Amino acid sequence: MKTYLGNSNKNSAILLIHCPDQKGIVAAVTRFMAENNGNILEIDQHVDKLKGVFFMRVEWDLEGFAIPEEQIEEEFARQIARPFQMKGRISLSRTVPRMAVFVSRYGHCLHDILARYDSGEWNVHIPLIISNHPDMKQAADRYGIDYHQFDVTKDNKSEVEAAQKKLLGEYNIDVMILARYMQILSDDFVADYPGQIINIHHSFLPAFPGARPYHSAFERGVKVIGATSHYVTADLDEGPIIEQDVIHVNHRHSVEDLVRKGRDLEKVVLARAIWHHLQRRTLVFENRTIVFQ
Amino acid sequence: MKTYLGNSNKNSAILLIHCPDQKGIVAAVTRFMAENNGNILEIDQHVDKLKGVFFMRVEWDLEGFAIPEEQIEEEFARQIARPFQMKGRISLSRTVPRMAVFVSRYGHCLHDILARYDSGEWNVHIPLIISNHPDMKQAADRYGIDYHQFDVTKDNKSEVEAAQKKLLGEYNIDVMILARYMQILSDDFVADYPGQIINIHHSFLPAFPGARPYHSAFERGVKVIGATSHYVTADLDEGPIIEQDVIHVNHRHSVEDLVRKGRDLEKVVLARAIWHHLQRRTLVFENRTIVFQ
Amino acid sequence: MKTYLGNSNKNSAILLIHCPDQKGIVAAVTRFMAENNGNILEIDQHVDKLKGVFFMRVEWDLEGFAIPEEQIEEEFARQIARPFQMKGRISLSRTVPRMAVFVSRYGHCLHDILARYDSGEWNVHIPLIISNHPDMKQAADRYGIDYHQFDVTKDNKSEVEAAQKKLLGEYNIDVMILARYMQILSDDFVADYPGQIINIHHSFLPAFPGARPYHSAFERGVKVIGATSHYVTADLDEGPIIEQDVIHVNHRHSVEDLVRKGRDLEKVVLARAIWHHLQRRTLVFENRTIVFQ
Amino acid sequence: MKTYLGNSNKNSAILLIHCPDQKGIVAAVTRFMAENNGNILEIDQHVDKLKGVFFMRVEWDLEGFAIPEEQIEEEFARQIARPFQMKGRISLSRTVPRMAVFVSRYGHCLHDILARYDSGEWNVHIPLIISNHPDMKQAADRYGIDYHQFDVTKDNKSEVEAAQKKLLGEYNIDVMILARYMQILSDDFVADYPGQIINIHHSFLPAFPGARPYHSAFERGVKVIGATSHYVTADLDEGPIIEQDVIHVNHRHSVEDLVRKGRDLEKVVLARAIWHHLQRRTLVFENRTIVFQ
């Protein structure tokens, strides 16, 4: 397991919640921290005025915090969350998420993920790579990560997914990254992991959903191409967007040029989305991702 | 009429052509200039390998050029264009295009165009503003530009367009800018001015075509919004793209924020497209705009 | 006076403060609002961990707020600001700032400001334009804004500044914009208006300070050019940066091209900085500008 | 040796030249190709009007070209280059450049280079990595690349450089990449490899040259940070710029955040510069890099 070089030894808790908007939420939450001797490290909130929903992320120092770690969730629920009808979670910053990467034949996103992992850039553990092709096994071996290959056909999809779920359970996986994984996950599979599967799509959605977006972009003669990282939901390419970016192109660029330039975009956009997720900065509400800065 | 502060006194000719790709085109064209004592100021070419089409823009100095101006087009056609089956045109850089601006109630693009015009940034003459509302008359008056208002209803569309065409003819208009003009031009109208009408659409097409793109962008929860300037064709929002750009947004931005931030994008993207067109740097082929740099 | 089309009728108060970092600040401030029946519309805070300083912006609804407007500042000072050693201010969102624009011969930033003003984009009143040239008088006249021209020489600088200060007082000016004003203000002048003078510099500072940055950029062969808007301090081009942006250029661009492309950047970057300032989202601490989003 | 997945089997020649600007250059060069049955695949030229210098890149198909490969250079020199006083070179697109990477302790640029190399993104062979630290040996081993470590001290610099030169000769290295190599090369070393050493500097030069640019950027409170890739010359951080880019930052970003975000920028900017170089699209003249598109 790689050592995270950031603040892995930070002894803090992170609250991520949403609730109906009402007066006094911030005062109540921050009083909870203050009265229990907790120093707030970061606080960020957002009000969706159209829908009347309040969102908040608070990170506070657990050093000297009056409530023992194992009772925080219960105490917060009793004093604050229930009265305000909050939904959400509290996590500890030193808990290291366990990530699985799904990949097919294109290696650029996987290589980028592994290089970041190897250099301790992310607070994550990657014990598992799943693929429907053998191509990336060598990359997995280089970093000592287990590589499980499943040959997916029209007929065995449900068996394969059952086996994958079993594997994900055995490896205690918290989050899955579809790093240009060229298989569509079933609705049932997706439903079992809400907000836990992150995909990279190689266009600026909602433009060019589906297959071969660079070809479509070329055909349309666009002057920018993009990449979109989003949480996976049952509706293909319709999930809540975490991160998007674009680069400029012009008439000189062939489809191959778009593919080549797009690779750099895909890997950086996916990496930023993973970073936000691992930092517990994302909160999905309906089809929108709040990314707290 | 405003004085263009750029190289308005440049005595040059600009060739913009395309033809079937074949050996010897560049050699033949440049020999035509060289043998007639014409110094090439800029040359740019592009080959669409998929379609086998060659595109070129050449600008050359007319100072001392052996062929009299009025015979250049004919001589070039005889010696070069016909043998190579070229389509295109030759224009003189000192010819000042005459531009009409169509506008409705949003003034930001119009204001930006007028400020650039007033400061001599563009080599253009703007004698005419057409609108379906009275709102922008004051702005037109400030700059001494004729303002013609047409009240467009379901029933009078063809009469209005006939009157507009008459007006465009009287003012000798070469190029029309739809500066957030909220009326759809008829196919017949558009067909009469191929490659002469430039629109600004407030999204990164092909995402969010049609009305209220900022609302749609907000609904979809995108992390970038964009603007697209394109030549107008019969297919609404489907014309050849000249220029596109985007800016980043996040969950904090309301629809009103998107509209506000989008305005800056729209005016800059439209201005860049107009600049390319006025500099005779654009060449449309099928649904793609070649923008020579 | 132009009508601001945003939330000008918003009946809210805005708190902008900084103080030594310590436990319980957020809880204390938000309790102040909550206990007095004030609904928080937006809250944003930042901790500079290196310097141990806490920064916060809170906007809350005054509808039904228990403390009368004229006593808010005093009550907040007594209950919260003094105990926490806070520095800062409270302002009302419906107070319309009064802005003066300083300009020389380049009109693009001024034109852009006036167009935004005219279209009600900003919550501001612009009663005064000051210049050392006559060139922009016509633009001022178009919008009915008083234009005062001062011929600045080596010998009369202090008299001119004295006359300008008098004028700024008579017009009750809150904020000054140097919209490509080609005169250097004296240290004394600058010292009289801390955090009230915003400049646009046509480079990505700290690169290319001083005169003729586009020429320097061209000479250095950079591949991006930029613009920087900052608060003016005694050290020329060294003030706290509010906003910066860049665009890509290449070897084809002449100095004139850089100037032309840079104009679009300058006006947009300056406009964003003015927007942040007018929205009371900026807080200067030492040489850094906190821009609350 | 990795297989380049692009047009490695392209049988073309690439001309890169500059000469005093004069009439007839393009005509003469393109006639040379046309008369010898060479189909021009790409042509790009640029005139530096200030200095009166003409630059050109031409790529043409060698299939059926009348002049045998080994005589092209001589024939072109005799017929064209000498009469026009051209300087430059002709190379074959199927010649694979041999690249050495210099690295110290930061691995992100090296990892990125190796992943691109491994996936066949570049037409290059990387037989050698040189370092003053052991840290990256494992990465080199993973890809089967020789790793030579030199412990550089104040006293042994010239011996180390002599040994490195010997090594570069033995490995037939054409181009060196300083992938965050934390040693300054001597003027003599640099002089031996003009236009063959590419560096990545972690700021938007000329801002923040020298050591610790992210710390300086943080201190200055900039709103963008950048990266610059340039050819190395005797003047540190003053060499001709190949590629630059920036990203936006704000007051929330600590120095560590700038370092983290900057890494992504550095690797992408360096990769783009390497791509341009490997494609023979760069031409250095005085302190400026022409990057043909």
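Chains: A, B, C and D, in written order; residue numbering restarts at 1 for each.
By our rule, contacts are C-beta pairs under 8 Å (C-beta built on N, C-alpha and C of every residue); 3 or more make two chains touch, one makes a residue touch a chain.
This structure is a prediction, so every number in the text was calculated from the model and none was measured.
S.K.: Counting contact pairs by residue number and requiring over half to coincide, which of A-B, A-C or B-C is equivalent to B-D?
M.R.: The B-D interface is reproduced by A-C.
S.K.: Please name the chain that ends up farthest from subunit C once chain centres are defined by their CA atoms averaged.
M.R.: Computed centres place D farthest from subunit C.
S.K.: Compare the two sides of the subunit A and subunit C interface and say whether they are made mostly of the same residue numbers, over half shared, or of different ones.
M.R.: Homomeric contact, same residues on both sides for the most part.
S.K.: Approximately how many whole Å separate the CA-defined centres of subunit A and subunit D?
M.R.: Roughly 36 Å, centre to centre.
S.K.: From the C-alpha centre of subunit C to that of subunit D, how far is it in Å?
M.R.: Between these chains, centre-to-centre, one finds 42 Å.
S.K.: Multi-chain contacts only, two chains or more: what residues does subunit C have there?
M.R.: 248, 252, 293
S.K.: Where on subunit D does subunit C make contact in their complex?
M.R.: My answer: residues 46, 49-50, 204-208, 219-224, 226, 240-246, 248, 250-252, 254, 287-291, 293.
S.K.: Using the touch definition up top, name the residues of subunit A that touch subunit C in the complex.
M.R.: 23-24, 26-28, 30-31, 33-35, 37-45, 47, 248, 293
S.K.: Considering the complex alone, what residue numbers of subunit A touch subunit D?
M.R.: 6, 107-108, 111-112, 115-116, 118-119, 121, 142, 252, 256, 260, 263-264, 268, 271, 293
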